[in-house]
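Structure record follows, encoded as structure tokens.
So that you can tell them apart, the chains are marked A, B and C in the order they are listed, and the count of residues begins at 1 in each.
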């Protein structure tokens, strides 16, 4: 391999042939210092998968504890620490960076026909911030853990012991990692689109990523300052959130959700991004309503800033404020519904191939339908008063964050896997994994809706015996879900053990630019200059496209 | 490292400052400018959170805030405002000098800007040490005796958090300016390439602007 | 379909519940309908147009403005209906009627304390009269809690440093479960209370003499209940280990050294005094931190505690 890397170093003047980005240059050091967006994306992906396993094992432990109404395995203090860590790991280390930082980093420049993101070094820096934040979060275990829940509500979080300060600082650092990714993506989309690629010729993935980045930039700083205020409150007792010192604990909730509600859309928009790529490819049909999908992404991003207080309907806000926030929340349902119908219409009269990524995408459509519609219960004032802080909410946000986001992440990983590694996994087994994930997920969380509407509050260690049946169903579901996820992971890893094959550039028949380069791509993504010959989802035969050229352009 | 170096000399007239993944300087500069503006937006929002918090606490404790702000030294505050305004001017001049290729003037104005930033921090140091001496510290460290209105420590919590965060930004600005100075001494910046000067300038103006909001908010409550 | 509603929500026990439940069920049917509607479309499409060969050519349909308008408008109409419906229910739950019976609720880690207009207090058991408007004025002494009555379909956060209100009119006699719904630490899931919905006569009797149980149960057992429920257990152990206060084990009839230097014998009067005026005699080596239970315990409950301590030999 020595000669390959030297060829790259000296061969710059010629129409250089670069090696496969995974191999060129070789060595751990070259990976740790890489500024290649694909490698950074891959490093993010493995980190995210690692933390998904960690967070998942914590979830299994929680579900196991909830098998019986009283103590099963662990103590109440331990339980509180475990659910806090599960939430923090899954939100800050898996879901928020999942699709944007892992798949986005890998795919966004390729989809745009760019050589890299706009600021490659900032990109690497953002990865190291992520690693730092992750290590800080894990170090809280050494300080006795954190038992506040991932929401850090005051005044509980300012009075309890353990590693709260460190965990909050970890979230702060992770926030900056997320901001830098957002800055990078917006600058990339603005300046590095392939020559001739207009805004409406971008793949929809890029639109969604752009919308996500907008939220990352506009909301995360507010989280940053909120968390700093919380640290100040703990360390110095500055008084802003402490009622005994003249502060207001509910103010923290407003600050927190001003970030964290938009952050929910940081979690769902990237999922929509992946689905908008997978469905046309496996339906072999152009996306239905391109502009509607693109604009609804932006609409969701912007509306997402106006709804934060719907987390506080029971905290005693004024009637008027409650009405406004409820009304605005309902508004968001509309662009989400439009997207779902557009995706289904894309499948209509297509040529549908049910490979693993498509099975995940269909799971997404079904679970996002449930996740979205159950949001109506919580947006509506009267029903939210009953359901707030019950298992209904737990089930609802798991349908959105896990059922939709994680499933979309898996769809994306399976979709781009051959592009990433130049190897194909066993599609049959991967599809079985996808089906198990769908079954297990619903078995875990459907019972939780019923528990919640019957009054089971969330974050309960002990519970009334009347809820035990539903809890047992949910725990069994979690085992099915886990077996599906582990099967999926095993199938992917097994594909890497196989000897390398000469994989086709375009195994799925996609029409976006990443399929026009080698699998895996070379270090500089594209060896030939990019010529856009068709739109991102144009499946017409070449002659037809050429004939219509005058009409569409 | 191969990835970075390999394409650096692809075109015959490629500027040595053009990174490999861009095709022309304009594109690189546009990207950097967008990046800097987005960064400034995040900065505004970061301080925005503090301003909102201050506003809410001020509204709920108007008397305490009014009483507490009398401990601040308006003369020093005003002096610092002038210092920062002048430094903004010298920063503009540094950018202008680069754009008309006067390399020596760039160095001169950067040095002036750094000195003014330092002067700001020195004045701030005297203000802080005076407050420390009087026990006017944030939160539980507040030991000042003889307050007539309760809750004055809240004002000082915000005073130190906001001016402190601003001070950190001034310090970061000085580091960035020193980096520019090093490159200016090397002769990097001229009419063809002065993006970094321009962008650090933008950042520096934001730091000034935040102070211009902080000054009346803290020193001139009436 | 009432069985379905009852399965999902449990019985309705307050006036407010009817409106919430009809809205809830409306959205349930909406969710079920759209889930099966979308699911049917997806499965139909996946079967009907399953790829048979890689050469298949699909129609190039980029959009259809009419269809897209239709599926923007339908969700819009649906969500506005749900919004107004939900708002209407919220308004009626939000504004308490004028003539409501006012009960003060204090939440603290991890108990609920209730204080009635006549000064009667109770811990974790709230008594309210049937078919009468009741308004709870709530605040917290430490962190945020939330007062949640599933069968009334009501919930309101209980916040330190401010008062929040909740009102209801119970329509079913019997006992209702109360949960703390805002996470508050180790004992969060044990921070339960019960609402006893009484007939007017029962309610009057309760205010006068305490509840049914207090009146009829054997003294020793009543004492044990008081010990467990009124917070004695936090400081006084039963096995001789030293807590914030002296253990109860084996103290009956034995002498106690007061911190004033005098000696006392633990008898009925001594115990009674310690409960009502805890600062009068403090056992040597302990802090004078016990709060008074005056007004919190009824005469019979004090007798019960005495009887219980007597039994701990």
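Observations on the structure shown:
Rule of thumb we're sticking to: a contact is a pair of C-beta atoms (placed from the backbone, for glycine too) under 8 Å apart; a residue touches a chain by one contact, two chains touch by 3 or more.
Remember, it's a predicted structure, so these values are computed and weren't measured experimentally.
Take away subunit A in thought and the touching chains that remain sort into B | C. Two chain pairs are in question, A-B and A-C; the one with more C-beta pairs in contact is A-C.
Look at where the CA atoms of subunit B average out and do the same for subunit C: the two points lie 51 Å apart.
Between subunit A and subunit B the centroid-to-centroid distance comes to 34 Å (mean Cα coordinates, whole Å).
If each chain is reduced to the centroid of its CA atoms, subunit A and subunit C end up 36 Å from each other. For subunit A, the set of residues that touch two or more other chains comprises 248.
Annotation for subunit C: no residues touch two or more other chains. Partner subunit C is touched in their complex by these residues of subunit A: 76-77, 80, 147, 149, 153, 155-156, 159-160, 243-244, 248-250, 283-286, 288-292, 313-316, 319, 322-323, 326-327, 330-331, 333-334, 337-338, 340-342, 344-345, 347-354, 362, 365-366, 369-370, 373-374, 376-377, 379-386, 388-390, 450, 453-455, 457-464, 509, 538-541, 544. Across the complex, subunit C meets subunit A through its residues 7-10, 19-20, 23-24, 27, 30-31, 34-35, 38-39, 41-42, 45-46, 49-52, 54, 56-64, 67-68, 71-72, 75-76, 79-80, 82-83, 85-91, 93-95, 142-144, 146, 148, 150-151, 153-157, 159-162, 164, 177, 179-190.
Residue ranges on subunit B touching subunit A, taken from their complex, read 1-10, 19-22, 27, 30-32, 34-35, 38-39, 41-43, 45-50, 53, 56-57, 60-61, 64, 138-141, 150-151, 153-154, 157-158, 161.
The part of subunit A that touches subunit B in the complex is made up of residues 5, 8-9, 11-13, 16, 18, 24-25, 30, 33-36, 114-120, 122, 179, 182-184, 186-188, 190-192, 217-218, 220-222, 224-226, 228-229, 232-233, 236-240, 245-248, 251, 255, 523-524.
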